[in-house]
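Let me begin by handing over the structure; questions about it come next.
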Amino acid sequence: MTGIKRLVLDVLKPHQPSILELAKAIAALKHVNGVNLSLYEVDTQTENIKITVEGVNIDFDELQHVIEDMGAVIHSIDEVAAGIKLVEEVETLQDR
Amino acid sequence: MTGIKRLVLDVLKPHQPSILELAKAIAALKHVNGVNLSLYEVDTQTENIKITVEGVNIDFDELQHVIEDMGAVIHSIDEVAAGIKLVEEVETLQDR
Amino acid sequence: MTGIKRLVLDVLKPHQPSILELAKAIAALKHVNGVNLSLYEVDTQTENIKITVEGVNIDFDELQHVIEDMGAVIHSIDEVAAGIKLVEEVETLQDR
Amino acid sequence: MTGIKRLVLDVLKPHQPSILELAKAIAALKHVNGVNLSLYEVDTQTENIKITVEGVNIDFDELQHVIEDMGAVIHSIDEVAAGIKLVEEVETLQDR
Amino acid sequence: MTGIKRLVLDVLKPHQPSILELAKAIAALKHVNGVNLSLYEVDTQTENIKITVEGVNIDFDELQHVIEDMGAVIHSIDEVAAGIKLVEEVETLQDR
Amino acid sequence: MTGIKRLVLDVLKPHQPSILELAKAIAALKHVNGVNLSLYEVDTQTENIKITVEGVNIDFDELQHVIEDMGAVIHSIDEVAAGIKLVEEVETLQDR
Amino acid sequence: MTGIKRLVLDVLKPHQPSILELAKAIAALKHVNGVNLSLYEVDTQTENIKITVEGVNIDFDELQHVIEDMGAVIHSIDEVAAGIKLVEEVETLQDR
């Protein structure tokens, strides 16, 4: 299976529905093993969250659909891991 | 089981009841495996604490009920993890 | 067992009895598996220490009794963990 | 097998095709076990990404072909590991 | 066994006998499993060292005796761990 | 076997042959289990790389021969580990 | 066995013989399991290295003999560990 194993997304959402609702909806998707939602900025109408999703062959379209259904928008895909093995980004001498 | 496995809350509470009482009350909730309460700011009448709750299918309403019963208020939900697997937030190049 | 598994205390004590005596007295309490005492400030008459106690169902009143018996005072309870599982405080994006 | 086990590349790509497409294409290569793509800079027309590829005997020409087929360019090869064992770069006193 | 499992001491000693002699003498004590001596300041006549001793029921009087026999002085006991389990000091939000 | 288990080298090389070629050539040496090459500075004609080689009884002359055959020069040997056990450099109080 | 398990030395040596020769000579000593030599300063005639030696009952006199035979001088013994168990130096609140 060479599909997507992890996705890290930068998402802007309205305060409601809460991140609890969004977490449960993403966790219920097929091929998703777990999800982490972390709040990093709060404004009057909106909040910015970071979503980390892990699974075996994540369907990005389904994921995007669930996120947009809650009135949220994906600002960027910050990291993707795909393949049989979950590969982490490796820090090199160029990053120091 | 795609329910909530971890919640991190920012809570404002009066000095009494103590964080010992609140810790025991949260730990006694169904589906809660453990809880950590950390004090981060103390004022004359109140204190701010960070609550980390872990379990298998945490019921947020019950949790909120226990917290408010002690005269405390949830300021924000800072992190949620849901699904079969407890997924940690992953640091990306965008976070550096 | 949903009792207290870990407590971190900020304590002010006279130089005598020494932290060795206090450590042994706390370690001898029922339900206590181990204790760590770390010195962080020394004054002419007193010293400030940080006490980390771990056990299965720690009895705070007994612990407080032992500490006060040695002429020491608990300034604050900085962290409490309770439940079946020892949950650590999780660093979130709000802490950075 | 003394071939390449890990490669870290600095790549410039147009926004489309997305890093999802590129991740899946690289993961589908023979001898590739997994790949991680991380976004580190976004401009109007292009984005800079860091690609970490792990496998057993990675064929660089095939990898380069897949990357260039998506309109992307390899700016530099920042790290290579080869051999039976995946050796990490070791920090020495000269690096401090 | 609720005795002392670890002690960290700040010690001032003359250059002779060397830290090798002191290390061997402490390691030979009953109930001591191992000891680490680290040099942190050197003056013309003396040197300051940090001693970390681990064991099952360390006898502080014996330890002090061995140290003073070598012409050294214990300046402070910086950390003590006692009990069945070796408990580490836990960093809390109050320490940041 | 008390031979060399790890070597860390600071090497200056021309851009061609690439670090891929050099990595494969070193990995093919007898007694070498794996090698990591990391780029840390790029100039118009040359690049500086850090080479970490691990094996069971590494022959430095062979290694040097392979490196110089590619037109590269060893600037310094920054770390060596030898013996039955691979010993890491230990940070002491003198390094802080 | 309550002898020395680890020694960390600060050593000044001429450029020749190389650290490779010194590493092999130390690794060949009885009771030595492994050694790590790290270069931390280079001058015209000499270089400063840090030597970490691990074993079961290291004979310091033999070790010193091998080092001095190569024209090198031990500037200081920065850390010693002795006993049945290899004890690491523990960071305390006094070190922060």
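Lettered A, B, C, D, E, F and G in written order, each chain numbered from 1.
In this text, contacts are C-beta pairs under 8 Å (C-beta built on N, C-alpha and C of every residue); 3 or more make two chains touch, one makes a residue touch a chain.
Here the structure is a predicted model, which is why all the values come from computation and not from measurement.
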* Listed chain pair D-G, A-B or A-F that repeats interface C-E [over half of contact pairs the same by residue number] -> A-B
* Asked: chain C to chain G: how many Å between their CA centres?
  -> 39
* Averaging only over C-alpha atoms, locate the centres of chain D and chain E and give their separation in whole Å. => 49
* Structure fact -> Within chain A, the set of residues that touch 2 or more other chains is 38-39, 50, 76, 78-79, 89, 92-94
* Asked: What topology does the chain contact graph adopt: line, ring, star, complete, or other?
  -> other
* To do: Going by the contact rule at the top, pick out the chain C residues touching chain E in the complex.
  => 6, 8, 10, 18-20, 23-24, 26-28, 32-39, 42, 50, 52-54, 76, 78-79, 89
* Touching chain A in the complex: which residues of chain F? -> 38-40, 50
* Please give the residue numbers of chain D that touch chain G in the complex, ascending. => 92-94
* Which chain F residues qualify as touching chain G in the complex? -> 2-5, 60, 76-90, 92-94
